[in-house]
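Below are two complexes that have chain A in common, paired first with chain B and then with chain C.
== the complex of A and B ==
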């Protein structure tokens, strides 16, 4: 069995155990959150004009989707359901399978966050290399300052700023959901164009918010690599500037891949503020909604999805590292 | 890198295509083209769910009241009469003089959007669905007030519903009319063949009846989760499609009054917070929106949007500062009265709800608009508790409180702090409590505001008697019983099961107000407010008036809660594209704009 296969087997085993542990912890934690969702729903219906008796019955029917029996029995059912990807039924979505509800929301989180993260990563590492090489010039200063500034601005401030400028002051981009309903969904220019147009502001927000971190990390990594002997040797051998640049970039980027993999794992956590500002009803808003409704199955499912994504991202990062770094592939220890 | 560049170029091209195309696809299939697109939000249900079915019982369902979801009739926003309706699926109705039955006559031209006629069978099947999901007249709870005893199809277009007179309610007709109607050919399979027999058996007592009720509730869960393959509506619109940002409805050419429905399409916008609604309104995007609380500067921005107008009317609800009388010193009525004198309600309302409320004239338990009609001259005899620091001090002294270094203390000299609790997110309540806190501190009463994480926690802890003072919605009209059960119902110790009233000790069975079971009301004598409230359930308006006067006097004298402000129904409309909006104070104001369209009111601006 090769090194990579052994590593994969070990990671998978540890990952499965961690997921089961997290599922157990989240099962009990979500059920210990205080609050009386039944009374809250009754009061909500009464305020909407429903008679108290009718409101109580309507609430009883709705919360009938909540599993019954002792907590222990519920736990056994929940854990056995996990093996068939059955996370139960959502109360707030009136009996819809939790996996289906999560799947619907996930796509509106994954697409913009993934696009924003990858965009910021690509731009950040390229400019990070330039910022390091030109660190004593004006361009280097400008790039470093832009990274520090954007790194310090919270995501929601950037989101509000972009929304105020491009959706209100100069209204050239939409900030009200993922696509215009008047376009027929399908593979047609109007619909796809509307999707892309609506994605510009949220993707730009994610990208700008993450860009600062990448450029600063890459600059720091490149500066470390620049002092290595092999770069000096390459320069002394009179290698082309572009080849030296590639040497620098390939070596400096290694630690950033770990961060990228973890960021991709975290992306399923959603970004509540951005989803709210741009009306993208993704996982972040879904999780908030499920907490308000005390929708235990949905809360547990969302926590589990986020945790599983991080665990899987860790495994992939480690495997990827094995592939791109010959020292790790050969079984050497490497410090990052 | 080359691939990335290609992807970026493609995305840019797509963006440019959309940006340049600018226009929208008109998918209207309805007649009378050119009626335009009507844009709105559903204020009662934030958050569209694109995967949810067109099902009105589903909490996330894509059925929109008055647009593609139809009731038998639409309840008017009457000050005092709960049995006033606009026609819906029922064109007309006859209520028996003793309130024992209601006969419904279905619109003769009513059709579903698939062209099939709406029949009495549809209405009866829908009543069956109502039993499974929770309804006032079609309640499963044994002995529930105003429950129906029998549903009878008279002919293809007529249904008669009879009330169980063992525990009648003056709201029976409302309980019947205020129900959804769905097509039997789509939804009928949800009810088992023996449903009506099972329902009959469930009205009894014992294990079998309990089992039958459980089975009917289990059907309710199927109803909530039911996903019709296609939206089939008898309303003016049908659902075309939904995405997470918007829902599109198109005109239903089979609607019985389609000729008078102007818009061709209706677009519902998604929102997850008030700020999105403010942005829509400020940008003039919405043709109509129900009330959304907004700070003064935002309200000014909304009012300044081109075509923006505000229509106001009666909203049958008030907010009160309610006391836990199990806790000292709130068990002493003089303390409660002292606080009533000390709090300037006009100032509180101006800060907390300038557009959505008017300061309560006094505490009567009734919203000030219908109060005159219900209790007439007695209203002027109630203590208005005007803002009066001297009177407050006198009341506090009467309660035995002491003043030390300008601060009020408990009778034993220990510090007194008025701790008010509100749920996070209830911005008007929190603003009000902060203002009250300032007023109290200014006058020597220590005060603090505590916010709890959310409404479920607030209600749980309130019911458990954990708070000294909380805010509580009261005066929920128009039915007299509903008005007073907020003060003299379960929260204050009285439970009403099948018309039998019992009183629970403070801290038990949800009694968090902890008031006395009997009150000695000046000019009336000793009364049991909970029993009097229960009598309102079946009382005629004339019988109700003296009872309500007694209860108003009790509430005014005993102050289980200080009525702070009476809510105002505030609707935002935009006159840039459509006209024909309801007038100020119209009895249509609590109904959605879809009902206004059904009635032929909304017209395209010429």
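== the complex of A and C ==
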């Protein structure tokens, strides 16, 4: 376990450095976008007859940060705030802390993305194995072609298509929003049912968009493992079919875990389109809104969260890998 | 070192006698008229054609041939394990105590593999699951064959590994990537023998091993063969390996057995022009390196192998008209050390004259 702990420490150190670098880059990029809401607010107050000092103070009270001062000052304030998880306040959300706004939105993104990805992962893996085993038959062809087709269609096209079919042509599912407002939020059947109903289309979009990739990746991975010597060796030793199947599955699924972790990280960013289509109040929609409103703190925070998610996903993938693959575990090698 | 291994031999013999498993005998194997074809765009082409070969109980037989001569396909046929797109089209493989394995399917075939026939993979190949320790794979093997006494199986495995000069406990605890080529090969031999199989097929057992390890493995093969009373088939492209271990030698070319006989006799007085060429191509330790002469031309592939007549005629110095059209029939001479068989028109003509 010592090896894994050391690995984790190294990953965390590297992850923190990467997050700081990304925070720096996003800080400056965000602030180089034309349009400055704080300056605009100060100007607005001055024009309303306030003297400049009072106007700045009022703005500071409203937004909670120093509107003047050089960019460097602001940068240092921002970075030191990072260490206490203080990402500033959101201009577009009446001065609420950015972390709170992000946290509020995150649950609407993380749960559907997780559900959609895991669903497509499971289905894609199982069908991928079939596609590999039956690769010379009709079933294999059908599966592989369905994978290629779905893999080629962009996420947002799938989203629009599903929305058009199941919310407009055959209106059996709600077209947008996370939940019907007529239900009291809480653990009651009506509210939860409405939540689930609204989640069906976004989750289905995530799942369908990813499914093609999984089935193709799993198929090629299984085909590679099937050609490996140790599978033939296991058969020639008279191993049971179920055991040989486990050997194949475990070896073939290995490279896919990396893709799974990465795609979970990436999907937080990719949710922009889907949440827009289904008007889902998650991180993607929040990011879009914050850009329109020039809400620097919120923009920076959203970028940072997406980056952090990818970095954390990477670390988890690597750690998981070292648990399931003895070759990565390293340690004392005798020879190769 | 040698003292210790002798002690181990005695102990292991004693242990085996005490445990008294259903004593299996070294089985005889009769391959007759075996043809294996591969499906290609050009139709089904034979990789092994009309091969007949007898493995006497308790003997070590070596099959020598170049790459593509069909020797590995022949070895796989013994387990009825020719991989698609190949299949056994005609012929039979009769194994004492089992029957004709060519007809075996499903569970019956699976159980024959491992319990009756042990297969040792080419050393260069990775015959172990990279994600599991050797020990866990040993247990998988035991469970596959309904072994109740898994502890006994582990004990037997450790004993076998120790017999081959390895630290059994440590090897069972290792993953494939933690073992050297020579160690992996010994693990392969252990897995082939641990279920008490008495027919063992070794496919290129020493390819890709260094000379010292190679010599070690061959010594182990010989000793284990004698101790456990096995019938052994060794497939190799290295005539030196056969000279080292085999009682009988069979030479394969273009999917046919062209010559077979007691190893010493064949090596000392080869009769088939291909066997002669093979032996001439070996560089000697003493003498001029130029004395070694490579056979001119190249071996046929599945596609280029002649469909009728002698498969070797393109490279043969003794080629006659009859070689183009008529398959040379195997000519059997019974001798004191077993039959010598050669399939060559030129040899037959010369001896008749």
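Observations on the structure shown:
Note that in this section the second predicted complex is superposed on the first by the 293 of 336 C-alpha atoms of A that agree within 3 Å, B and C clash if a C-alpha of one lies under 4 Å from a C-alpha of the other, contacts with A are read in each partner's own complex, and residues count from 1 in each chain.
In the analysis below, a residue touches a chain if its C-beta (ideal position, glycine included) is under 8 Å from a C-beta of that chain, and two chains touch if they have at least 3 such contacts.
Keep in mind it's a predicted model, so treat the numbers as computed, not measured.
When the shared chain is aligned, chain C comes close enough to touch A:250, but chain B does not.
Of the two partner chains, neither chain B nor chain C is touched by A:227.
Touch criterion not met for A:186: it reaches neither chain B nor chain C.
By the touch criterion defined above, A:54 lies against chain B but remains apart from chain C after alignment on the C-alpha atoms of chain A.
With both structures placed on the common chain, the touch criterion links A:96 to chain B but leaves chain C unconnected. Of the two partner chains, neither chain B nor chain C is touched by A:152. The larger set of touched chain A residues comes from B, when the choice is between chain B and chain C.
Looking at the shared chain after the overlay, A:43 reaches chain B, while chain C stays out of its contact range.
Once both structures are placed on chain A, no chain A residue is touched by chain B and, in the other complex, by chain C.
Residue ranges on chain A touching chain B, taken from their complex, read 34-37, 39-40, 43-44, 46-62, 64-65, 92-96, 100-101, 104, 108, 122, 168, 172, 176-185, 189-190, 192-198, 200, 275-276, 279-281, 285, 289, 291-292, 294. Remark: chain B residues 4, 11, 14-19, 21, 24-27, 37, 44, 47-52, 55, 57-61, 75, 132-136, 139-141, 144-145, 171, 175, 217-218, 220-221, 224-225, 241-248, 267, 269-273, 276, 279-280, 283, 317, 453-457, 459-461, 463, 473, 476, 482, 485, 489, 590 touch chain A in the complex. Residue ranges on chain C touching chain A, taken from their complex, read 79, 81, 83, 110-115, 118-119, 121, 125-133, 140-141, 143-145, 174-175, 177-180, 188, 191-192. Of all residues in chain A, those touching chain C in their complex are 228-230, 232-241, 243, 247, 250-251, 254, 324-327, 333-336.
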